[in-house]
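Labels run A, B, C and D following the written order; every chain starts at residue 1.
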């Protein structure tokens, strides 16, 4: 295992190096640079433009720029933003990360869960009406024109029915007097969610362990879980954060809904396929022969082993959505990494754009890594030895 | 897999009729068999029907513009109808109405259909050709070539696709062909190589490959006439999926206005958007619904065909 | 696992139900809420005026927090004192230490206070100018060099607590003096002096200065910073110590202005105001604060406006026609339309033959049917324009400058173009055939032969992509068509904006292109766009127009410090340009804006470039309730 | 002895694109408590189909044409799915052909058995079930600490044992062992078979062995049924059938395998291939390959009749020991010898 991990790590770093280099030169190859904004105002003398070039180090040769960039990169600095000179790119990204993270984590987990359940069901009912219906509907959403769908959803639920807040991720009227920043709240939300998740996992692990937990232990589990959630909420309330968390949640619903609509089909179809393979396994037949109830055979035998590939897909999609949210974030006025990347590109802010892309790259690499480990955890058959390409 | 195109039989070269004839027969039989299996999948058939429908629709464009429609009015790009205020709702003269600058929606829709086909198929073909070539080569030669291309694939997989294209687009507005090519190439060296390589690998270890090698077939010959035919069905499957992704990306990028394309479904929606009509969806439905639906159905069609092929390509998905 | 599912499901459902059931938060009273489309990037005046001089930073911060010695009284853009007590004294030559300088004395108001209630004195003014001067405005970049212009301003000296003396290197023109130096923002010395001192010591003073994030900076403007939730909103609060509050500016029909401050008794008037009062504007701020929501796209903003979360949409491009249509039907929303100060134009590379031939350009200009495109194709979302000084800029616009080909039919235009080309010695392999009676083109011209006997090769006319700007795209395509009618082999080439500006400004390697400018009130742009000394790479005369006569007049105009003389010269310049056509001005779009008329009342809504140009009048708007 | 399981004229067909596959055709037999029945026949002759019919685990395209299955007097095909579910494993358990794959790779073996127990006996608690599994493991000879290991950590033989343990988990009254040992090498095979037999005897339960391997069947079953192409050709007490095979197919089948006692005798290979069950031959389905076949065999199907007590047969002209000097007769003689000697020990 260790040898595997190290081998993999080496690979990761090499890949990252090449990736960043590619991104960097790609950006440099683009026409125009930030100083072109001075062209919009004739009163700005040429001298000023030269000065700016000097400040941003654009007067140096491309390779000098590249090397200094790389040097910084491995010191963990992503350079200084042009459009927000002299603000470090890292700070800007860190400021955006929590929002993007919370939104897409929620959306991905939800759409994954729905996709997983649906896929399970339609694979089990394969060939029946529900199978076709779900597949067709799923594909239609999967291939729906996303920006349009987003607009329609907003128009329908927020504008026409007035059910949910229009856009943005918080309501300024509430927040204008907020004692803390949105990012603090996001941070607390993440940690809170984590606590609840882990808590519930442990509860279900210890109390609902085994195959047929007694009613008593189930009641315990439930009440404990509920208590945990309540506790977390109370803490939030004591901090005076509850209302703000609530506000953010309200604003999250629409984007999450849209993302889920778009994405659930991916998991669903993947789940369906991999489950169609597992249902033909002998142990599924054996399980039925054992006289296990239908849903047990489905969930614990067919689905459980079919889960593996879909989990990897979840991890990867999570990572890629760290920047894939460009459309969502623009449509829902949800300023995150994606939007930053877009505006950076539009304003020729190479360091920021490069930084954002590199950042995603790192995220994805880590995700791949985690995915492999997860695989090993979920499937007892896999044990990692020297060779790395699994 | 080799039940699909039983290539190993083609190894026996000493026969009366020329080899290519036999091969052709076999391929024909292979296709016929696959078609039989494919027909089983309703989803796939639905897709086929949709695609045909779109084909007809697109084919009507040149006919209409050369016969019925006056180019001055119905040209999808510079056409203009002075008769009404624009955007005008559906009417006898404009079945789907006109866009904010007085161009006929139906004409744009038809004109674009052809283009979308071109875009999708072109980029898909590029993807698959590259993917197949690289994949088989990597599988056949292994060693350096293998690792090299696999690393490339890894790296390309790191790129967030749409954002990257938007970034590039926002700096150089890509025009039609370059965009198709970029899509194709990125796709070709990306994930598909890995999949096709795996497939090719499973083939290249089959005994008849060694047989052919011993029989003194050149690497090229072996790859082309023994490995590739077995990889093709899978490639074809991924072709369908890459069509979908190409079209969707095009639409998204057009919507962001970062492509240099004179007309496409995405452009149609973009035009409505920048003119401020993508707002009251009920009132100005004809500005977004036709194009939006076209995009979805078109992509869905190819995706469904892909699903159908999936059942052909990997037997485990088939009904027993 | 079971409890996972159950819990998740219940959670989701409860949240959904609650979210729908519980209403949103009511509008907080007294807040003037606007929407912007991009984050402000800084609240540091130096970077906000320097490299980060984005319109958003200006909307939210600079234009709200700071005052200057002089300003322009809106809506008529009349030059009036602000912190100064009266117009600056006449410039006079003065010998200081061997070199001759021009000097001018400016008396200041004694009743102006910073938000921390300390008086705004000569020290602050002196500091504001000199600090920037020894930082080197060019290094600060952005608009600094054009405001605190080092080529003109030597230094500022304190005479007494409320009097300062400007020492100038040379005799400045209106643009540099009244419309430049004198309108620079003023800084609070006691706050900024230590910051500057620290920056000076740093390795890169400018970087250090830009990196500084002001907290609790005393300001003298109507509003001051309250809260910035990055990516969501910015909130300003009314400056409690704002000295100009309640000040009444009265505009008379004879063009004179009076300013009275009932609170402090300050009075000022230009000339001898007589005749009817045209408009009275009372300075606020009347709102307890301003709130800027950051929205991702137009549709979102418009929905918010209708939904009442936003009172005004700040957007330098205004609203599209589609929104206008739908907003004009919305309850409690009013839509206004204003001229803008700018134009879209096509230009030829005059270094190349035959574009250098004046008649050729005139012919092209004649061929373009601006009225047809604007009124028919674009249905009034754009209006035709001929002059480099838009009619909207009434004081400076010359209505009598020639407008070639205006009002001709399509065929008449062709005929006229043919006449002009022939005059210049052009000929055709097949001359265009037209039917003037029925206004029909029988046969397009073919094979244009240039005066030097060669056949004219077809050339590219770079236009914006349909995605970037549909208007210019449509316009460009049509122009190319018309040019072909007369046999001019022009090919419209949709090109990305970055590429266009690269080719034109960086490389000057182009034949023809379609661009656009938006302008400032004072029309000195004519000097920058057409003076031959701007023809070099990176200059603003990339088309390479060079006309000694024009240069001479332009220089004179720039140096002119008398309004009326300057105006006459501006008119002359416009006539020259209308004949020479270094730019073929095409059209511009009015700016459409909307606001919640049930919550707001503006003192006026008719103003060049719309209310957005002035941050939607935060200091004079009235909130109804 | 009272009968536990009775198949009455069971006829079950599969629907395929090509047509109806007549997998089981008019099979009837009955099985008493504590009795073990061996079904033998070439692969694809419908043995497994019968097993599946009894478990009611037939694929969706299978159809019961006629006949019925009575288990303890109840008609299996009249029961509701739920009733059948409860019946499974509690009453009828099964040892699967591919023991290797009939264990879920992602759960520990112990858990999979416990699962079976608690599903059918909800009242038994976790720990009780565990104890029982431990004793089962002892019974089949797996160290009980291996309980919490995963299938992939087991050897082939151990898996097989585990599967047997699982089958015994709810001590059912009938176990169907479908090719229980094919995957194993002969030594282990033999060992396991004997173990199964011992256990069976101990707890006196009924068993159906299914195998293509006569030697296996010969070893363990009281009653032997010989199947061919979906039909039962001969059924009777093991020694009876093996000593005096009446049906030519039984005869040749016996000689198509080496005797497990390793006695030398030349193998008789059966000419031709098993028929296509889409359209089986008319008359006796074996007649195209039968040396004894007469005209009649090709025309009318032989009746299923009891020739001696408990010995059933479907054949027009069964082998008679008198019948004489033909080459076939020598074969018979030889065959006879073999059987006699085998009978000797």
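Basically, contacts are C-beta pairs under 8 Å (C-beta built on N, C-alpha and C of every residue); 3 or more make two chains touch, one makes a residue touch a chain.
Only a predicted model underlies this, so the values are computations on that prediction, with no experimental measurement involved.
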Find the most central chain, measuring centrality by the gap between its CA centroid and the centroid of all protein CA atoms shown.
A
Per mean C-alpha coordinates, the chain lying farthest from chain A is D
Between chain D and chain A, distance of the C-alpha-averaged centres to the nearest whole Å:
55
Chain B and chain C have mean C-alpha positions lying a whole-number Å distance apart equal to 46
In whole angstrom, how far does the Cα centroid of chain C sit from the Cα centroid of chain D?
93
Can you work out the whole-Å distance between the CA centroids of chain A and chain C?
41
Residue numbers of chain D (touch at least two other chains):
none
Scan chain C for residues touching two or more other chains and write them down.
299, 303, 496, 498-499
Per-residue multi-chain contacts in chain A, two or more chains:
30-32, 151, 155, 348
Applying that definition of touch, give me each pair of chains that meets it.
A-B, A-C, A-D, B-C
Which bits of chain B are touching chain C when the two form their complex?
77-78, 80, 82, 85-86, 100-102, 171-173, 175, 254, 256-263, 267, 270-280, 283-284
For chain A, which residues are in contact with chain C within the complex?
30-32, 36, 38-39, 41-49, 51-52, 55, 83-87, 95-96, 99, 110, 113, 151, 154-155, 158-159, 162-176, 178, 181-183, 200, 203-204, 208, 218, 221-222, 225-226, 229, 247, 249-250, 253, 299, 329-335, 339, 343, 348
Going by the contact rule set out above, which residues of chain C touch chain B in the complex?
298-299, 302-303, 319-324, 326, 376-379, 465-468, 470, 474, 477-478, 481, 494-499
Residue set of chain D touching chain A in the complex reads 55, 57, 84-90, 93-94, 96-98, 101-107, 111, 114-116, 118-120, 122, 125-126, 150, 152, 166
Okay, in this complex, where on chain A does chain D touch?
210-212, 214, 281-283, 285-293, 296, 300-301, 304-305, 378-381
